[in-house]
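Across the two complexes that follow, chain A remains constant while its partner is chain B and subsequently chain C.
On to the complex of A and B.
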């Protein structure tokens, strides 16, 4: 009983409960048909939200006003860079991934440069950066779909017993991210800055370097996500990252990370990522029209956030 | 004899309706609100090819292209107002919104400027609208499906961007087609937004709960994504109607070579921008009999001719067709009833 109470006190548990309830509702509708297939689909699609969600989580945890709105443009450009470098050649896959990672990291570093050197608030800095990035992408990719090498495309579809390999690798990555957040000096510094930037500075935390690292990390994750998306969706394009503006922030908030900063958790990002995909699965399976689907998605997200937030108030 | 010749020449001129006034001094601007996908890039390419030649041939004095980057209405409204001040005689426009730009369009009309909208058309009555017969396209999809799947069966429908007239028209056509072919039943409907990524994701989420599907009726730009979603889920490949994208036709060719896979492909040709250009030129030419709503055909490929078209499409691009002045005159004629 006590262990159940401890579990319920975890802010991230609500996103998993939400995902589970939505999944149950869907298989109740289909009479149990396709239950396993839905999990597989949810895992393969949630991966992309989780990767950028973790990056966004670190940025948001830096404290009020910190957010990276350049992720969609970053993902779009990195997907084009990765596919152009790979150029349909299996031997170039690793080089392409490194190029995407570098492209994303450079964007993240540039974001922080705008914030630090020009003292622009992060929201404005990353949003205006995204216009520049998008323009570069349009002239670089010319709006064309650039195809991934066959080996890379197949890799994104690999499964072991119905579990996508990409999802397993992402689990490994998130365990690493959770360790970095809770057990390493870097993660503790991010949390400290989010709780009180001045106190953290007085305590000897190198605030500038930690913030720089965090924006660069978030950018790099956006870059690698772009390459993976281009592999899974068989082609890079400018709009490939569009939905991750809202989704990357939504998974952080639904996952129980504080928007005010200073309080974060990684498991919630997974729960929320699965929740968002299963929600789409449920509404598609119910066959509701596009308009109703958008309204319901909004209402349900608000509901889950309220449930998770209410729990926090009790504590 | 000479008189007869002159008369017949005059008659021919009247019949074709050209050259009533000189347009060689006229300037036509193109207001475009987005350039970020393959369709829009093909649209701009086609427009560039046709108008460059038109300017060289001194049919018009100038044909400049103005693109805003962000799909936003206020930006495009400001752009149209600038074009009015710059003294263009006509504006060809692919609008960000069917009605939100009406104010700016009305100002242009009041300034004596001819406005021709296409693809993203505007509802302002003073403007011309070049519209593709999307309803017929939707209906044809089911007609063609009946040829490939004569036994009928379950269909999955992929819708376009919700709330647009194009989505409504294709959907209505598909429903009409299914009503005429009761052997088909639509068992699922998802929103693909004419985008491969969105479509693949939407199909992947609905697929586990669907019964066996024999065919997919869609709106273009979504066929390849649907094929990928079926492959990823390990489900048998249905007959997927394509939408003239290079990757779709290439996939079709691969499947055809493998086992004789059959389907059909149709979409609005990005080169419809050039048709809108010629309509503007015709209006400037002094023609007053042109209807403000022009219905033009879509571009379709069949099992027999798609392979010939494939090499001409840019890698990752979309099939297009550049219209000539004669095409425009023909299209106008077909709409005068």
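On to the complex of A and C.
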């Protein structure tokens, strides 16, 4: 009983409960049909949200005002870079992935350069960067019709006993991210900066370097996400990352990470990612129109954040 | 304490010397200077554009952008951010092109109701202490969904009175310039020259002090959000008056444009430091630089968005250089 209570006190448990309830509601509607297939599909789609969600989580944990608005543009450009470098050739998969990773990391580093050099809030810096990246992508990716190499496309769809391999790899990655956050100097520094940037600086944390690393990391994750999305959806696209601006912020907040910074939660990102994907599946299964689906998605996000409530931001 | 608030404190400390005063002056003139620079570039590239007809054409779309920027400015004055203003403008546009023409009373009721929703959001954000970024991101889906439900396919038609209003051709001075002057003056007087305007800005500058002085922070937040809703409605209506028909996605670009406009106009994210005149100038600069300037320079429209980003970065960099002198 006591263990149940400690479980319920964890902020991330609610996102998993939400995902479970939505799943139950859907299979109740279909009469149990497609229950397993739905989980497989949810896992393979949630992966993309989780990867950028973890990056966004590290950035948001840095404190109030820290958020990466350039992720959608970043994902779009990286997807085009990956497809161009791979050029449909199986031998070039690794090179393409590294190119996408490097493209994303460069964008993240550029974001921090703007924040540092212009001393402007990260929202404005990543916003202006995203304007420029978007244009580069439109110009670079125009009429890009390169299919991903067959080996790469298969890889993003591989399954073992109904569990997507990509989802397993992402679980390994998130365990690593959680360890980095809670057990490594880098992660503890991110949390310390989010709690009180001045105290962290006085305590000897290299604030500039940690923030630089965090933005670069978030950018790199956006880059790799772009490549994987292009593989999964069979091609790059300027708009491929559009939905990940809301999704990346939403999974962080629904997952129990504090928007005021200084408190992060990796398991919650998974729960919230599954919740969002299953929610969409549920609304599709119920056969609602696109307009109703958008309205309900928005209302549920506002409802969840209202129920979770905000904490007093320490300013 | 964040790095930004530390910085404002340092700036507030008395900095002696005429050089600092000159730098402050230069800093407040920066928005006007950037607009002048863009205008000069256009005049140099295409002298014929600097005419009554040229300005009417080039600045037409600046009216809804300026209104959306003012809308965004109100939430920023209260240290919040509205990421849903673009889809809200689209929603208003769809209502304007359908109900406001066919059943004016229903249309007016819906638009007033949507301003009420904005006021409620302000109350919700204050009472539950929610991050406005997340709430408004969620709302952006709601407005977009409603817009699609109202107008599944692009179409509809603007009410005739709105069309004739937006096509108004006053003597000598082009309509967009008069509209920009009116918007800037009205909001400037309301926000910068009235006592409640000071309270509204103070809620972003020092909320704790206002609360201790007995002002309701709930009320300031509701008023700021309702004003955002009001100007969002005006922006959507102005946009449809120009384009004559609507589309559910018509306003999507306005979210980022409006934030950029506020910042270009000298506004700051924290501390209630905003400028209505600057915001209108910022919106005009963005509207001019995004398309006419690029067209005259023979740069493909692909780079339109990048031009906005580049202007933002250049102006912010100039501001940093000036601020350094201020010390």
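Note that the second predicted complex is superposed on the first by the 303 of 315 C-alpha atoms of A that agree within 3 Å, B and C clash if a C-alpha of one lies under 4 Å from a C-alpha of the other, contacts with A are read in each partner's own complex, and residues count from 1 in each chain.
In the analysis below, a residue touches a chain if its C-beta (ideal position, glycine included) is under 8 Å from a C-beta of that chain, and two chains touch if they have at least 3 such contacts.
This structure is a prediction, so every number in the text was calculated from the model and none was measured.
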item: Fit or clash between chain C and chain B when superposed on chain A; value: clash
item: Which of chain B and chain C A:198 touches, first, second, both or neither; value: second
item: Contacts of A:281 with chain B and chain C, given as first, second, both or neither; value: first
item: Which of chain B and chain C A:64 touches, first, second, both or neither; value: second
item: First, second, both or neither for A:123, with chain B first and chain C second; value: second
item: Partner chain in contact with A:290 - chain B first, chain C second, else both or neither; value: both
item: Contacts of A:44 with chain B and chain C, given as first, second, both or neither; value: first
item: Contacts of A:246 with chain B and chain C, given as first, second, both or neither; value: second
item: Clash with chain C, by chain B stretch, listed 97-105, 187-195 or 313-321; value: 97-105
item: Common ground on chain A, meaning residues reached by chain C in one complex and by chain B in the other; value: 131, 134-135, 138, 142, 289-291, 293-294
item: Chain A - residues contacting chain C, complex; value: 63-65, 67, 114, 117-121, 123-124, 127-132, 134-136, 138-139, 142, 196-198, 245-246, 249-250, 253, 259-260, 289-302, 305-306, 309-313, 315
item: Chain B-touching residues of chain A, taken from the complex the two chains share; value: 26, 29-30, 33-38, 40-42, 44-45, 131, 134-135, 137-138, 142-147, 157, 229, 233-235, 237-240, 243, 277, 280-281, 284-285, 287, 289-291, 293-294
item: List of chain C residues in touch with chain A within their complex; value: 1-7, 81, 124, 128-131, 133-135, 137-149, 152, 256, 259-260, 263, 269-270, 300, 302-310, 312-313, 316-317, 319-320
item: Chain A-facing residues of chain B, complex; value: 35-38, 40-41, 69-70, 159, 162-163, 188-191, 195-198, 200-202, 204-210, 224-225, 228, 231-233, 245-247, 314-317
